[in-house]
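Each of the two complexes below includes subunit A, the first together with subunit B, the second together with subunit C.
Coming up: the complex of A and B.
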């Protein structure tokens, strides 16, 4: 496996590292969610509702201050949930957030406003970073980073099984929750099947192959996966029937809302409503 | 192509959830009806398949690699309604548990990649493959279907992102994605028409060729044949028609109401119809010199606050969504009545 990191540019190596990356991330957050902490002890329903409301607040906010306050709340929650703040912040701001910042760079010169930094001043073109464009960039990147961190907070403090049950209790249709749960389970099975296919090819390839051959092989690999999926779904259904499944889904879990959970829920509702109202009253800019 | 949180305004996100809802509703009904107790494991395994296929890198001419979406492949093998459910479930898991694509953008992402893409790709495939296709014809039809499907999804993504400057604040600050259609369409389409489209076409064609050669039973007595009711059907074609009309109407409608970025809108229209209507262009100049860009509802002044404006947007979104539902249910009632009359 270690050797493969050397061959990352190759499509087999890339696919393998992508697949192991997914497995790693899933295992890591599952491990993290086992740690004791504030959010870990909360009812999953409350956590899901709270995170959704806060993401909505960040999406509705027109002011950087509002987004900043939401992110402050995220950090506070992460701190009391015993998450490593440096790694939490890093995971929230690298990746998609960094990408968004890079995407915004050309827009810095396109938005109208009072120029702060003039790079080029000629009669036909004028390249300048304006106050409005800088503010827009901060707001946009801040919003993306805060939303990503919120989703991360939910994943890092809730075990997958609890999250699903929480959804089920939130009147998300039962069939849907069961399908989500089974999907998550079979993702790992199919990922293993796929990475075995790629690993087998990697270990049997001794020289460079043509692009057309590679595409044909990748297509066949996908075809094999289709075929296996058809068989797998038939097998799973038979196994379910053998255990008495007749089409209706029953679950065992029962969650009881504790006072702490109610408190958390109302606190979030209060913070969210307050933030949205305040955001509307703030002067522009 | 996964839109993250923060790129779309809440109003757009709500509209896209609304646009996806009738398709989800219809798809769940269809799949349950055909598969009965098999539905849950079947959908779960294919959603997992959809997730895994997006992890695979496909070599593209020129030395780079790209990953495929796979929903046209699913639609050809399993029928488009099953592809809607499988693709959507995979996208929801990606958003909630792996941070790929935003939670608020699930409606938009599902609409682009798990609804429009499989439907369009499947329709093209059926049109080109004909009744009893040879392996070669099937393969080519599947590749072309996948190529067109993924590009339609990319175009929809570009449209949704490009409409965001309409939601700029009064001070001319970008609140969401800052680029208009003039930037998002070329940016998305150049990569999808070349690299990603080729990867999607290659992998879909090769997978169909493999299945047609080695496992032709999949096409003969497999899901595609057995679940005839999993094929498009009248309802599906009706929805595709509404969808097409909406896609065409959205940018025109925005020009009509006057968006913040009127300059590109006029240019865009010129590109589409060859000229700019004189009334529109004169209105354009009026707006350009107005002290504040006018993109609130006519009943609200340009100085109304953020809450009223958002409320106005959300209200108009609700109007659009409920209209979509009205059309959807009306068509369903008419079609059901006709089917009943034919049966008796």
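Coming up: the complex of A and C.
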């Protein structure tokens, strides 16, 4: 019985908890973006521009100090936007950042410099972590972590609808913005359908099933979902036509820049200019 | 049974439609809808109600027959985008599945979608959106994402998306399907209120309990005929149990009340004792 439970947890259980997790995170993110706070009150266009500028600054920085200052700014903004700093830091650094650290591991042994840790000494191979390679690794991971945290800051303080509108107002093609919005919208619906399929299977599974059988079932579930999504897209198109859609999307600009939005934009530009100046003046290495 | 209509707003003449040329959905349908009428299309699953509403909204073209709306032949309007848009402005369709209709990031965006596609000025768009939201009593949900809404809220939002175009005719496909009793009652009240304002409303349903509240005239589609088998006043239709039985809208049911063996007729939805 225990084995059966574990096997279920292996496949169906993990798939279910993954799907539920995605839905919960999205709902939590929307709730967070509705809280009162500094960034929540800003125009989404300003936030998108500010975050992009800061990501560029972090990505192009040559010094760890510059990246550290950008991350400090991120934490400050998160604090004034009433985000939980511990949870924010965890979400920003785990996952993608750890993955990027793993990607960088081979490079740790390739850069010349003063050896800090020698793993293999002597001909023909010498494996050592140098000060230069460690610094490069820290800089790379720092850049990735800071960029991910900046993106997270944007999505945690801006409702999805506002992000889309912000993109639209920043001259991102409307077709792209609308398709992106609809994709996100219907992913939820299909996730729920997939989750129900998995639940229905779990409720009817009374003994352990082989890996081949599970793969066969997963394949057929994908087929069912594809059929559903094709029908759904045809119905959605009819529903759009029923309200006058004839191939061209029209949207409405609902945003007006206020003084505090201009101030935020100015402060970000000022901070970015200062950081570029700092990065250029710091000694190499 | 038949009914006299003073001023016809839509007319279907010998309309037939089949899916993939093999599965008939409608066969030789003849019916007229009067201006300001509230009509209920009654029929069991698969009787062709949804297809009928799509044809009436000019979304699909009948295989044969003619569709007239507002004194114009609109049978082939599907192929004419400009005339199609005009018909869609005047005839609003609310789909059975509200998720199909709510495709935008927020309820406000969805309700504004129609007016924006019509190219109305921004101030007109805002006014129509806020009126539609008020009518359906969902102003507080305007900035919500569709996936955050309950079933009843989704249905009301879907109706608001059609109402924002201020249509002359509102077509509702199974508006109360899968709703809890309270949400159903709220929605039925809102539809009834629209009817009191003399809006032409065609409601397709199989739920007999809502019929009297949302319409004064009922057209019954046969279970296998795919065309109307009766057309009359709602109270007359609801009293004709043989008709409802043949249309698969009620059924005979054997059960026990304690020791008493009991056979009587039930509606197909809701299990209401007739």
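The rule is short, and it goes like this: the second predicted complex is superposed on the first by the 246 of 285 C-alpha atoms of A that agree within 3 Å, B and C clash if a C-alpha of one lies under 4 Å from a C-alpha of the other, contacts with A are read in each partner's own complex, and residues count from 1 in each chain.
Basically, a contact is a pair of C-beta atoms (placed from the backbone, for glycine too) under 8 Å apart; a residue touches a chain by one contact, two chains touch by 3 or more.
These numbers were taken from a predicted model, which means no experiment stands behind them.
Following the overlay on subunit A, a side-by-side fit with no clash is recorded for the pair subunit B and subunit C.
Once chain A of one complex is fitted onto chain A of the other, the partner contacts of A:232 extend to both subunit B and subunit C. Rounded in steps of 10, the angle subunit B-subunit A-subunit C defined by Cα centres in the superposition reads 90°.
In the superposed model, A:72 makes contact with neither subunit B nor subunit C.
Among subunit B and subunit C, the chain that touches a larger number of residues in subunit A is B.
Of the two partner chains placed by superposition, A:274 touches none, neither subunit B nor subunit C. By the touch criterion defined above, A:182 reaches both subunit B and subunit C.
Of the two partner chains placed by the overlay, only subunit C lies in contact with A:161; subunit B stays clear of it. In the superposition on chain A, contact of A:243 is made with subunit C only, not with subunit B. The least CA distance from subunit B to subunit C in the superposed model is 8 Å. Within subunit A, the residues touched by subunit B in the first complex and by subunit C in the second are 160, 181-182, 184-186, 189, 232, 236, 240-241, 245-246. Within the complex formed with subunit B, the residues of subunit A that make contact are 11, 14-15, 18-19, 22, 25-26, 29, 52, 55-56, 58-60, 62, 95-96, 100, 104, 107, 110-113, 132-133, 135-136, 139-140, 143-144, 146-148, 151-152, 154-155, 160, 163, 175, 178-187, 189-191, 194, 198, 211, 214-216, 218-227, 229-230, 232-233, 236-237, 240-241, 245-247, 249, 276, 279-280, 284-285.
Subunit A meets subunit C in the complex at residues 27, 30, 159-161, 164, 181-182, 184-186, 188-189, 232, 235-236, 238-246, 250-253. Those residues of subunit C that touch subunit A in the shared complex are 54, 57, 59, 81, 84-85, 88-89, 92-93, 95, 97, 99-106, 109, 112-114, 116-119, 122, 125-126, 143, 145-148, 161-162, 165. Interface residues of subunit B, counted against subunit A in their complex, comprise 4-7, 9-10, 13, 28, 36-49, 51-53, 55-61, 65, 67-68, 70, 73, 77, 89-90, 92-93, 95-99, 102-104, 169-179, 202-211, 214-215, 218, 222-223, 305-307, 310.
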